[in-house]
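You will see chain A twice below: alongside chain B first, and alongside chain C after that.
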Partner chain A sequence: MSYVRPTFRHPELPKNKLGYTIDYYEGSLSTLCAGCGHDSISAAIIQGCYEMNIEPHRLAKLSGIGCSSKTPAYFLSNSHGFNSVHGRMPSVATGANMANRDLIYFGVSGDGDTASIGMGQFVHVIRRNLNMVYVVMNNGCYGLTKGQDSATADEGSKNKTGHVNLFESIDLASLAIELGATFVAQSFSGDKAQLVPLVKAAMKHPGFAFINVISPCVTFNNNVGSTKSYDYVREHIEATATMDFVPQMQEISVDYGKGSHKHVKMHDGSIIELHKLSEDWDPLDRQSAMNAVLNAKAKNEILTGLLYVDPDSHDLHHLLQTNDKPLNSLGKADLCPGSEALKEINAGLR
Partner chain B sequence: MKPTNIKDPEYFHKVVDCQYACPAHTPVPEYIRLIAAGDYTSAYMINWDSNVFPGVLGRTCDRPCEPACRRGRVDEEPVAICRLKRVAADNKNDVKHLMPQGPFKQNGKKIALIGAGPASLTVARDLAPLGYELHLFDEQKKGGGFMRSQIPSFRLPETVLDEEVNYILDLGIHTHFNKYVESMKDVLSKDYDAVFVGTGAPRGRDLPDLPGRKEGAANIHLGINWLGSVAFEHTHKIGKKVIVLGGGNTAMDCCRTARRLGGTHVKVVVRSPFAEMKASPWEKEDAAHEDIPIIDNHVPKSFVVENGKLTGMTFEKVTAVYENGKRKLVPVGGPDVFFEADDVLIAVGQENSFPWIERDLGIEFDKWEMPTVNEKTFVSTNPKVFFGGDSAWGPKNVITAVAHGHQAAVSINNLCQGIDLNKRLDPMVNLVSQKMGIHEWSYDSEVTPDLRYKVRQADKKLTLSNRKKEVELGFNHLEGFKEAERCLNCDVQTVFTETKCIECDACMDVCPTACITFAENKEEEVDLRASLKMPANNKTQDIYVSDVLPTKRVMIKDENVCLHCGLCAERCPTAAWDMQKFFYNVTKTHTGCQKH
Partner chain C sequence: MSKALKKKIKKKVVKKVVKRSNKTASKSKKVTKKLVKKVEKKANSKVISKSKVNDFVIRFANVNGTGSASANFLFTKAIFRMGVPITPKNIFPSNIQGLPTWYEVRVSEKGYLGRREGIDLMVAVNPQSMLNDVAAVRKGGYFLFDSSKPLHSQYHRADINYIGIPLMHMCNEAYTDARQRQLFKNIVYVGALIALLDIEFKEVEGLLADQFKGKEKLIPSNIKALQLGIDYVKANFKYPLDIRVERRDLVKDWIMMEGNAACGLGAVYAGATFAAWYPITPSTSVVEGFSEFAEEFRTDKVTGKKNVAIVQAEDELAAIGMVIGANWNGARSFTATSGPGLSLMNEFLGLAYFAEIPTVLVDVQRTGPSTGMPTRTQQSDILEGAYASHGDTKHVLLFPSTPKECFDLTADSFDLAEGLQTPVIIMTDLDLGMNDHMTPPLVWDDKREYKRGKVLDAAALEKIEKFGRYLDVDKDGITYRTIPGTHASKGSFFTRGTSRDEYAVYTEDSGSYQRNMDRLIRKWDTAKKMVPAPQVYHKKNVSENGILFFGTSQYAAEEAMDILKEQGKPVDAIRLKAFPFNKTVEDFINSHKRIFVIEQNRDAQMKSLLMIELQVNPAKLISVLNYNGLPITADNILMQIEKSLSSSKKLKKA
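Moving on to the complex of A and B:
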């Protein structure tokens, strides 16, 4: 029985700039069902962090409850982690981020965790533009509790028991755009070529970066008639663009001037390189992004790739003008200014 | 690339690196699992069927399997395959009743086997149960060939050799020991249906032109003759100061034997650099352990004889220079070096010699006086005469002699049954799923991180004072179990069924050694190899390519560092991957696929 992964790795694994091979970014062996889309997303996160030379102690994984929310156990064992309660990951992330802005906050949630019980927290963390990555592993069902329809299950989609969903689905990507999210993307667990650069770009985005990843539940929602199955998604997938993420300092060899090439410069100098597939869409224009999503939906297509980005985004710390140092690095004098200062404040409130 | 044809038995055979590298293709992982399970008897019998001398080989084999072992590519050292074989041999129960039981119904055919080394003995074992009348000739007083006369008892106890030689002789072989065959013409004039020549490479190379060779002759010995004379108890001592010339395994056996016969200052002097010596690394280690210095880069120049008595040798110091991949030993200049010696043992190589085979019998010899032998059938240019072991292509080792013996036996059987020598049966193969449950296999799929276990040795004081005291103690049960667990079970194959795959990538993501990639196919193998998740740079290892999948991609698996851990198959939701045990048994006279 294999509950442990062998310790041997490919002897020729390349090292990243920090001198780590990719296995340094692994987690423990997954206990999810064999073939679960979520595991592929974990693999994409591992790949992205390795390629971005992330120091594992500089990243915190946050999640709620669900098969999806279990995945932080399966990647980045050397990072911080907080597995919170159902639907409450955003508030824990907000607290952590407010206390220490120096970490990368990587949130993982499910469609149940986000679009049902956690909907309140979700919309508010978007409004606040908290600097974090928020990945929804979207399988259209509550996998962990045995596959009940979730709020993202499409109307008319059939689950494993043959039950047809009667309700309109919540489209998380258009909701995020609507609410003012500054980085919105959509992808498919089975498309690492697209997902890895999206994860990398999201980690570089200075604000709320949302990625809705369709991730088939192989056990409860991969049947004929489901709109979240491997087969259905593959047949209906349509990408905005093929993309690549070019970190800062790296030389750019492509000429972006002509044709459908476009590059988006991130505030730290890194670049999202896009080869656009749909003409009337502009990733910098919220309205056109919204249209593109709605048009695709009308054609029963699942639009993937980067949908919208605001490279000039200002995160919550900026808006609140908080101290730029993490609280744990401040001394007693800063954190506790004394009774004189308190008196002054109290006087100001009279 | 075209999809891999896994129906060809050679594809999966090649994945079992150790078995593939073994000249006799012993099913290594199968016997290692049996050792782990404590079934030493079955482990022994699998070996006995393939390599005939498990107890001997478990102590002395040249181990071509170990450098090939997959574990050596992911871990520091390969599995101790050879010494595990000894565990089976040492701990087995009675095996005789599991072997073919004579007397056998005679088939009326009569075969002469010249020389009683491992090659001839293997032919005898394979043919006896089929009813052949077998006549085995050797000039020595007992069977075993060089295994008896050359391999010293401190590496191979006589009892172990006797046991395994006797298993064969007890099959009803007519032995003619103490009988040197002087004329092949004579043999061919008798009513033999076929003759097998297994006379080895019995002549030690000398240094006849070195000054002082004649004058010092009384104290200069040819290594293999000297070892033989020690083995047969004609020689009991040697001088205190001994120089051994040569860098092969014979030199190692000479110096270690000299240490046991009174040599207190024994040194090995070799022309080549230490790293390029022919001796196996472990033989060099054992010599060092017995306080024998190895002095490299010294070319012998003369024997120094004073007052009719050898006093030592002079050497010229050289250095190795490489030009176009060719090595040249260039003198470094300076005065010659003198080493004192009471005796010198020359172990600088062996040669074949066939003075007893007349050259007008239709047996063709080339300009190096070597017989022309067919590499597959082992027949010479005389259709009734076969060669095998060291006599065919010069000195090799025991396991190669055994492998030759099996194939020569198939040929001799074909000849006697009137079947074309080239019409050989296919190997016997079997491929069976090991699945028992979602996370359960009928083999131990877990991969232990343990490093290779060391074989303990007896106290040096004891071993150096008694030349028959075996140096190695062998693994005990627990060590044997733990070492056996290091085997990666490379015979449990990853078998892919493309029609079942839903392309969820789970196998690719979980594989610890990045063996699996789903990607677009490429025309050329080099391009496909380069495009994988981890480029498949080890060209000696195959890549396994599937047919086209629904997304137009193919599955490509690099066999190179697959741990056979079964995780891909455990993670696959549709059982598109399965772990299947592949058993491959080389065609012998008694095995082979009979479906023709």
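Moving on to the complex of A and C:
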């Protein structure tokens, strides 16, 4: 790992529509191990936000506890961040989102933070279809406490000390699909080409957007026999389709050529383009998506890409019928019933 | 009564009753009637009064789930509308249907709103609890029962009066529907009580009219049931009884309200826009109250859009997490819970303390530990609330004692939480939260502005060269915060539960950590000046003894204070409204020889807190405790104080 970030930048770095170069989206220097998959995911988030012309202050980063949950410090230093308590990021994100519906909420969690201590909150934030991006940086082990198995470690997977995991793993992507998540994707930290459009589409999804990213732990879980090592994942990865994300403001001018492809029009007019779709899989059909994930699992494959999306999803604000104006922008005049109303209440209690 | 018992009768106390001032119930000082106080040995000391006009306790023994609650409330409200002070208490099981439940009403011309032992009239319609119910009636008292079947001899006592009314028979004859037969049994006994206690019929009629507004066709069947009861009493008994009600003008403009609803309403007035909660008795009705008032006052009549969001969370951990998230993002928000929920919220409360995020929590205390007695009252989360979470943490606590204070202090709690950027816990209890209490009318000053504390807006950020989230600019320990989304390039910072420097950058530097912890103590000292001051009852000390109390102990404590004064043994008194304690509390303790600390828990938690936090001599703090799950009584307080004083006298002599 480096201790000093080079301050030199190419003088002609391209600017996005807001006039920002990509370094404006960076964070502080990562303190994770050199080669950590998580840093690649941070880079994809930076790239995605830059390309989407996100105003950093209109995005809030939230996380729990663990290696993965440190990463919000390493991207978007011009955004507010909240590193909360272990496994409880979804609740903090829920409250934050209820307070101001106009920001993008970007949650980062790990496999311990989500699949063990935070399973309850993960399940319920899906049920509520909170409008947020939820990225799990999934390495199958507890890094900060030095390599214990997590609940997403596959049965029979061997860690660095030679210990073999005895228990069935929790598959977060299929769980999310089953629970009714409205955007479920899976990816690999080493596949930036796939990860960036997924991050971009997730930010545009009007509801809960889940991305499970297999992100090898180079220090504790990158050995032979581990099913979360770089080598193993590369050998077993199977993409559902290649994917592009076309934001609303961009004109569609892509030549699809031959082969199956699908357009998913999102709520705001953006388009997700999927090419070379695998057979028997329709990303708009929950059951089909579920089958595709289970079939891949039976073949020891890790299915990646956008697995399922419901572009007409209604988020929690819609369900609760909250005001279009952010609740945190309302003042006394909007909120306080005043003394006359209180007199009536008093009269009713006599 | 045995001779031994007679000896125990302490003394006759002559007292006059009262045109109660409309400020507080206990301020009633004018004396017009005689009251003889006797202490009996049996189980609990009992107060018997010879003159029983507007001074008695009636207990209804019901089966829960039978519709008795609304009939009993009708009874209470009728007396309230006759201008006579009254205080009802629900003593109910943790159950929905079929178990014994009691509703106890104290009528007190003097305006004493605490619970009192010694049942003058028992309305016993639950065979399950009848043996105990018979035993609970004071000598010479009355036992009203359903005489449709003969009363078993085991329920016979020679020293009480029986009033048998064939409630079941009467209802079976008058009504055909099975549910109606059951429901109207309750209304028939209310009718009987109207005659027996001389309650004004027109008040009951008026209440029914209010209750069934828009459903007027339901009124005649209720009137019919009332009339059945009245007629039966008139035909069969001498009425009214020697215990009875007489119209007064003592209630003035006061209202009758549950503390939980008042907390919910206070949050609406304070501008809370978000609430997250997990249902738990006895706190559930706080957020339900908030929700009902918000539905009325925060919903756009045209679009149906709401200026509020309420989420029922998956557990208390999530509830407090959501509240912290919303407050972090600039929306006033709160949660409500009880002991077990408070235990679960500990970790998050530590985060809110350390990361300095405003948080409002209403803790409606119940009997612990563990699941304890979930439907009984206690003040036993004091230490849990004061020091919730691991590491060095302290939290601001507020102690309301009336529904009006529930409203006021909930509204204040948001100003305090945002002013101090820290959790504020409103420590109420089941007695206050779930029972109706007579309380002064709620007041709101329309000129009042929400005090949002030190929050920098875009214009303010523009003027600052470098924003430091934890820089103590004003030297009061309270630093400036920013809300996400405020400014394009200034004011962003990373909120965390890990240690950080003044600019919110992660650090493990000992100096930075310690500077931060010391600043938090500076903030704590600032809090002492911001929290509500205690109520001190006398400008100048009148005694070497003082009593100290808080929350719902106020009712019984003030009554005990009056009686001590009448006995020629006056005491000074202080009622705590908040933690941290300010100097007044310390001075009060230090200026007395003995302080009786009255609280409703076993372990003297408030006494512990006083000992830990103040420079006082612990030896002068004497505990007066009540932890049987029922609200504390004046008798209980007096007994414990007398015992302590007499044993200290004995010690002196020895």
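We take it that the second predicted complex is superposed on the first by the 329 of 350 C-alpha atoms of A that agree within 3 Å, B and C clash if a C-alpha of one lies under 4 Å from a C-alpha of the other, contacts with A are read in each partner's own complex, and residues count from 1 in each chain.
Going forward, contacts are C-beta pairs under 8 Å (C-beta built on N, C-alpha and C of every residue); 3 or more make two chains touch, one makes a residue touch a chain.
In this text the structure is predicted, and so the values were computed from the model without any measurement.
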Check the residue A:155 against both partner chains and state whether it touches chain B (first), chain C (second), both, or neither.
-> neither
Touching partner for A:91 - first (chain B), second (chain C), both, neither | second
Looking at the overlay, does A:230 come into contact with chain B only (first), chain C only (second), both, or neither?
-> first
Given the touch rule stated above, what does A:285 touch, chain B (first), chain C (second), both, or neither?
-> neither
Who does A:312 touch here: chain B (first), chain C (second), both, or neither?
-> neither
Most chain A residues touched (candidates chain B, chain C) | C
Intersection of chain A interface sets (partners chain B, chain C) = none
Using the touch rule from the top, collect the residues of chain B that touch chain A in their complex.
-> 73-75, 438-440, 445-447, 449, 502-506, 508-510, 512-514, 534-535, 537, 550-551, 561, 563, 565-567, 570-574
Please name which positions on chain A make contact with chain B in the complex.
-> 1-13, 29-30, 33-37, 39-40, 42-43, 189-190, 192, 216, 218, 222, 230-231, 234
The residues of chain C that touch chain A in their complex are 80-81, 253-257, 265, 268-269, 271, 273-274, 276, 293, 297-298, 300, 304-311, 313-315, 317-331, 333, 347-348, 351, 441-446, 449-450, 482-489, 492-498, 505-506
Note which residues of chain A are touching chain C in the complex, please.
-> 28, 55-58, 60, 62, 72-73, 77-85, 88, 90-100, 102-103, 120-121, 123-124, 128, 316-317, 320-324, 327-328, 330-332, 334-339, 341-342, 345-346, 349-350
